[in-house]
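Below, chain A partners chain B and then partners chain C, in two separate complexes.
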Partner chain A sequence: MAFSRRSLLMGAGSAVPVIAITGCGGSGGGGGGTVTFLVDNNPNNIAASESLIAAFNESQTDYEFTMETRPGGTEGDNLVKTRLSTQDMPDAFSYNSGSLFQAIRPVQNLLDLSDQPWVDRLAESFPDSVSVDGKVYGVPHGGSNSGGVWYHKPTYEELGLEVPLTWDDFIANAEAAKSAGKHGVIQSYGETYTSQFLVLADFHNVATANPDFAEQYTANEVGFADDPTAFRSFEHVEQITKEGLVNEDYVSTTLEQALAYLATGEGAHYPFFASGISEIEANHPDQLEDVGFFALPGDDAATNGLTVWLPNGIYIPGTAENPEAAKAFLAFVASAEGLAAMAEGAQPTGPYMLTDVPLPDDVPTAIRELQTYFDTEGATTPALEFVSPVKGPNLENILIELGTGSIDAKTAAQRYDQDVEKQAQQLGLEGW
Partner chain B sequence: MRNRIRVNVVSALTLILFVIVFVVPFLLVLVNAVKDRQESSQLNLALPTSFHLVENLREVFQARNYMLVTAMVNSTILTVASVTGMVIVAAMVGFVLQRRASRINGFVNAAVLMGLIVPPAVVPTIWVLQSLGLFKTLPGLILVEITFGISFCVLLFRAFMATVPRELDEAAIIDGCGPLRLFFQVILPLLKPTVVTVIVVQSVAVFNDFVHPLYFLPGEENATVQLTLYNFMSQYSTQWNLLFMNILLITIPPLIVFLFFNRQIVAGMTSGAVKG
Partner chain C sequence: MTAVVSTELRAVPAGRENGERRRSNYLAKAYPLWYYLPAGLLFLVFFAIPTFASFFFSLTRWSLFDWEFIGFENFRQFLSEPQLIGSLRNTVVYAFLTSGAKVVLGMALGLLLTSQIRARGLLRSLVFFPVLVSTIGVGVMFTTMMHPTDGLINTALAVVGIEGPKWLADPQLALISVALVDIWKGVGLATVIYMAGIVAVPAEYYEAARVDGAGAWSTFRRITLPLIRPATFTVITLSLIGGLRSFDLIWAMTSGGPGFASDVIASVVYKQYQAGFYGLSTAGNVVMFLVVMLIVVPLNYFMRKAEVDQ
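== the complex of A and B ==
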């Protein structure tokens, strides 16, 4: 008995001061002369933001910026919405542009930045993705990204192939690679979102066949099942697995494994983001110049072009404690010095969204070659998610069902059109 | 003879199952934690061709300005404080609820069940914390963790209290024992099996909690260990070697606790099982 009492007193005695100490430490955060920049936890974004913040802090003496990270994906979406609705958002934060930007209620939650000097320098395709009713709310966070097909250059040279401009040429190339004992097209359903590229990166072809597709799609006038070009992309997914062009383990392959197949030449093609370059650089630095990138080809060689993913925007919440500091920071992000500082931390994955800043000289060839598409008129189209708020949450799952042969292309396209319906109704769009 | 063979087959199968379920994943973590990034991106069980133990360790510790160290301190305080709170409060509630029949018992029981059933809502909880001035503070998160764990603990304690003879209380009261002394000196020691169970179950739950610290305790200086995993893992890119090294490091503290308390834990579980 005596022993248990002493140990109890000791336990109670040590617990109290611990709570008291943390009470002081915890409440010290926030306010003061420091301003926080919230960024998602992609290692490249972190590296770029670290050197960006260091450069900004050095360039002026009024404000001291620090960085905070958040998860990406669905968890990140929830976190951003939570922190906005609890008025706890740091003074500057990076978040998707396009439809996800529309979902965080910019008019209520964000500061209108239309009067900022950098607005006039934005590339034509960007402002729409961070605007509501003609008011601009964000600055582009770094370079753009593109969706298309990675290919193995030595394989192409060995087999005497050329970069395909039509889907049929692409299939012919994949078949040639397959007969040479390589995977024709790499797929990696182990990472579910990678299943979507044959559809999402095909949007340039859809939009050139029907320039009003995005508008009609938002208004529920067309769907993937009834637009012939849009439906073609579902057929493409079916075709490559049915004809056995994919790697045998495609159901469980992860992104890292897929990029390893590509870099080592075990596979010839891999449809993915151009930003895959940073993974290739980290995991296969010696093969960096062995890989190339081309736009996903459609039916017509004359309209060949690239589907572009616009960079994240950096926004200022309406509840910002220090909006002037945040505005100065955003102006720096849009400046040539700011972009150069970011490129020092992590190289851009595509051309910038500011008309007067070129890419640095030391980016890999595959990325520099993307500039050709940007310089050709009409050869770039923003991805559908940037021009229409309608994007169903289950596209990746439906495409995996299609790719593994559980359903056919028609059913898959119809299911996706149904999937989209719920989301459009939630957004309260007209015509649904 | 046949019996013995059957026993051997069963124990061999158990052993194989144990190896598959526990040893293989741990080996995967261990092997990949000492590889370099290129090799670990293959994500296999092959032995590393070169050892990078020290570099990976250093990189994991240095990441984001020694975030892991802050996180370890925070997580330790969080786990110890919330589990202590849960044990004391839940044991008291279980004691009173089981011993004293009163009109509010039905209401309390309903509230406890509700705590198990009703899903937590993040935004309103943050509003409550903000109005109390506890948002973004460790005490605030400790209260949240206690709240989420307490229903389960009360159920355990109340069930176990039924097995403690009422005569013990009566004898203590006749000897002149006050209510507080009765609880702390007579009842709580008898509840030890349940206390151990609660400590084990809840400290694992709190230590491994990811969602609550993410929402209720934002900020770099407030990180807990599970949040440090996101330093090396993101939507489009993952540094597997550093991720596994981090996992290895944050598995060590609970492992040490289990090694030290192993005997009590097993004793507590089994005695609880027989009596309960």
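== the complex of A and C ==
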């Protein structure tokens, strides 16, 4: 025989490195003066981005921008990481600020934008969420979002209730609504992520009780099970489900059904994002003024305040083919014209992160009223995921276990503290 | 069938062995080792290398951008997850429940559909039809039908005065509900395998039994059941492996919920991948590989032995 099986295998082995799979590099931005902006496929973001790109292309003649969409959620996280690691990222892309931003290795993958003129105009709470070691890597993509409680205004008027400033008042209102034959608090475990708001939107209260919570949490010095205020939010989830204040079908209710309960007054309260306004506007346009929004109340009425979700950042990858075009685009995104163009496509869900641009006049009352929190000293706190990179993937399901009575609040809090360990280790944080 | 083949093999006279060798020499000349190269390369690049790479990455903390070697830390982490015990139990329950039901129902339907009944062809296609439908489609359809208040199943039960269970919304029942759908979808394939096995049993055996005065039960017990054993083994192996690594139907119907009530190993691994714990989820895949091997290899050995003994 010409050669043995062994030599065949050896030959094949040495051939492999030569034909090893290579990344599909270089096709990122496209040529011929067109530049691509990658944005997630949320319908509002698409509408806002279309209108933004059209306005930018009209405002100058040097560059032609086009839009590319990607999935949102964890699928989007993986897509962004994969495209960055294969050097296949378009010249400008929108992605979460805060902890998810930290996970895409900004120093290694992104262009430092600290020298851009818009950096000085950023609202105080934003830059930290897109910065590493004091260097800014992103521009805010549109308005902020908030976590809190939606309520049905006509129900409040009918029952003579007032917007609660403490958790006990909130429970009293929910009980009053329940006695009137409505769902006291709507929950929608059919859309798992919506189970988290009683915990995540409570962070303003946690941070007012312990201003160093985020720092200590990142350093593994404190957790949800051993900080009394943080633990209370787990007890809240247990309380509303145990006391039967929730809608009967809460385990299978979806977000759409939950917002329908709220808009039609079948339910009195729904803890969710302020951005729920766009779904309400789309599905219940006539009830748009029947809904209001308040901050999730804590123990002390005097420190009542709102937990704020900072907008996505728009970033430029280090491998950008046309960084000048991308920088011009980002500057436009930070301008009053750019924000106005986005608002034409989809209205903002909360105040902007640029100090000199006010909200448009035609936003619904519930959103305009949020400005009061932003204008009050110390009444807004960025959500924990923007001030600490530590966030576990299983919070939503742990809270559903808690809410369906499979485990108690203490076990749930401990499990979540254990869950975040993986994220902290993955990021290589100290103290884990 | 296999029994027949193996007797034939045993009957091969010793003198034939020489001829066999001459034939394989000829084969080696006509098809030199070069011919293995394309297939071998494909196998190496797409199967062997990724497999060994995954064993390696299961020992690292991997972020897609870079990796850090951490020994068996991922396995410690994976095996200390509070949800892991639940998901291991769910995996085993799900696999054995669906596999057992497919054997019993598949055999019953196989017997029914090989007997002389009306509309046999139509019934055969009806039983097989669910196998052809996309799993995700089936999952979405049944999720809607199993909705506790608005779903078709519970509204139908309400008409006759029964208050249906909450199916997927009840943590105690969610896994069983998904398993029921899996059985509905998979029983058609088991039935076809059984039908083939039953048809292959020679009619003479039944005639002889009838002459001896055997009733329907003892005919089934003493003739059909032992002679369709190869079909049973095929159904068990296929459905057990399918059940152990089952993911698509569970993900489409409950995503492992409510909470972690219907999580199986595959969905835990998938969620870890989603969360960006690439090293950890690779370690989870290695664990799943070991679990499947641990159950299937002894089972396969036992069934092969039983087959030869026949």
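Keep in mind that, in the parts below, the second predicted complex is superposed on the first by the 403 of 432 C-alpha atoms of A that agree within 3 Å, B and C clash if a C-alpha of one lies under 4 Å from a C-alpha of the other, contacts with A are read in each partner's own complex, and residues count from 1 in each chain.
Convention: a contact is a pair of C-beta atoms (placed from the backbone, for glycine too) under 8 Å apart; a residue touches a chain by one contact, two chains touch by 3 or more.
What you see is a predicted model; the values in this text were computed from it and never measured.
Engineer: If you stack the two complexes on chain A, which partner ends up touching A:423: first (chain B), second (chain C), both, or neither?
Structural biologist: second
Engineer: Considering only the touch criterion stated at the top, classify A:393 as touching first (chain B), second (chain C), both, or neither.
Structural biologist: second
Engineer: For A:83, select first, second, both or neither according to whether it touches chain B, chain C, the two together, or no partner.
Structural biologist: Touch partner of A:83: chain B, not chain C.
Engineer: For A:256, select first, second, both or neither according to whether it touches chain B, chain C, the two together, or no partner.
Structural biologist: A:256 contacts chain B only, not chain C.
Engineer: Taking the superposition as given, does A:103 touch the first partner, chain B, the second, chain C, both, or neither?
Structural biologist: The second partner, chain C, only.
Engineer: Is A:415 in contact with chain B, with chain C, with both, or with neither (first, second, both, neither)?
Structural biologist: Touch status of A:415: second partner only.
Engineer: Touching A:69 in the superposition: chain B (first), chain C (second), both, neither?
Structural biologist: first
Engineer: In the overlay, answer first, second, both or neither for which of chain B and chain C A:279 touches.
Structural biologist: First partner only.
Engineer: Which parts of chain A are in contact with chain B and also with chain C?
Structural biologist: In chain A, positions 1, 5, 8, 15, 19, 75, 78, 82, 85 sit in both the chain B and chain C interfaces.
Engineer: Enumerate the contact residues on chain C facing chain A in the complex.
Structural biologist: Residue list for chain C touching chain A: 28, 32-34, 36-37, 40-41, 44-45, 49, 61, 63-65, 68, 77, 82-83, 147-149, 166, 168-171, 255-261, 271-277, 280.
Engineer: For the complex, give me every residue of chain A touching chain B.
Structural biologist: Interface residues on the chain A side: 1, 4-5, 8, 11, 15, 18-19, 22-23, 25-27, 29-30, 40-44, 46, 66-69, 71-73, 75-76, 78-79, 82-83, 85-86, 88, 254-257, 260, 273, 275, 278-279, 282-284.
Engineer: Given the complex with chain C, which residues does chain A contribute to the contact?
Structural biologist: Residues 1-3, 5, 8-9, 12-13, 15-16, 19-21, 74-75, 77-78, 81-82, 84-85, 103, 105, 108-109, 189, 192, 249, 251-252, 393-394, 397-398, 400-402, 404, 406, 415, 418, 421-423, 425-426, 428 of chain A touch chain C in their complex.
Engineer: Under the definition above, what is the set of chain B residues touching chain A in their complex?
Structural biologist: The touching residues are 37-38, 41-43, 64, 77, 80-81, 84, 122-123, 126-127, 130, 133, 135-140, 142, 184-185, 188-189, 214-215, 218-222, 230-240.
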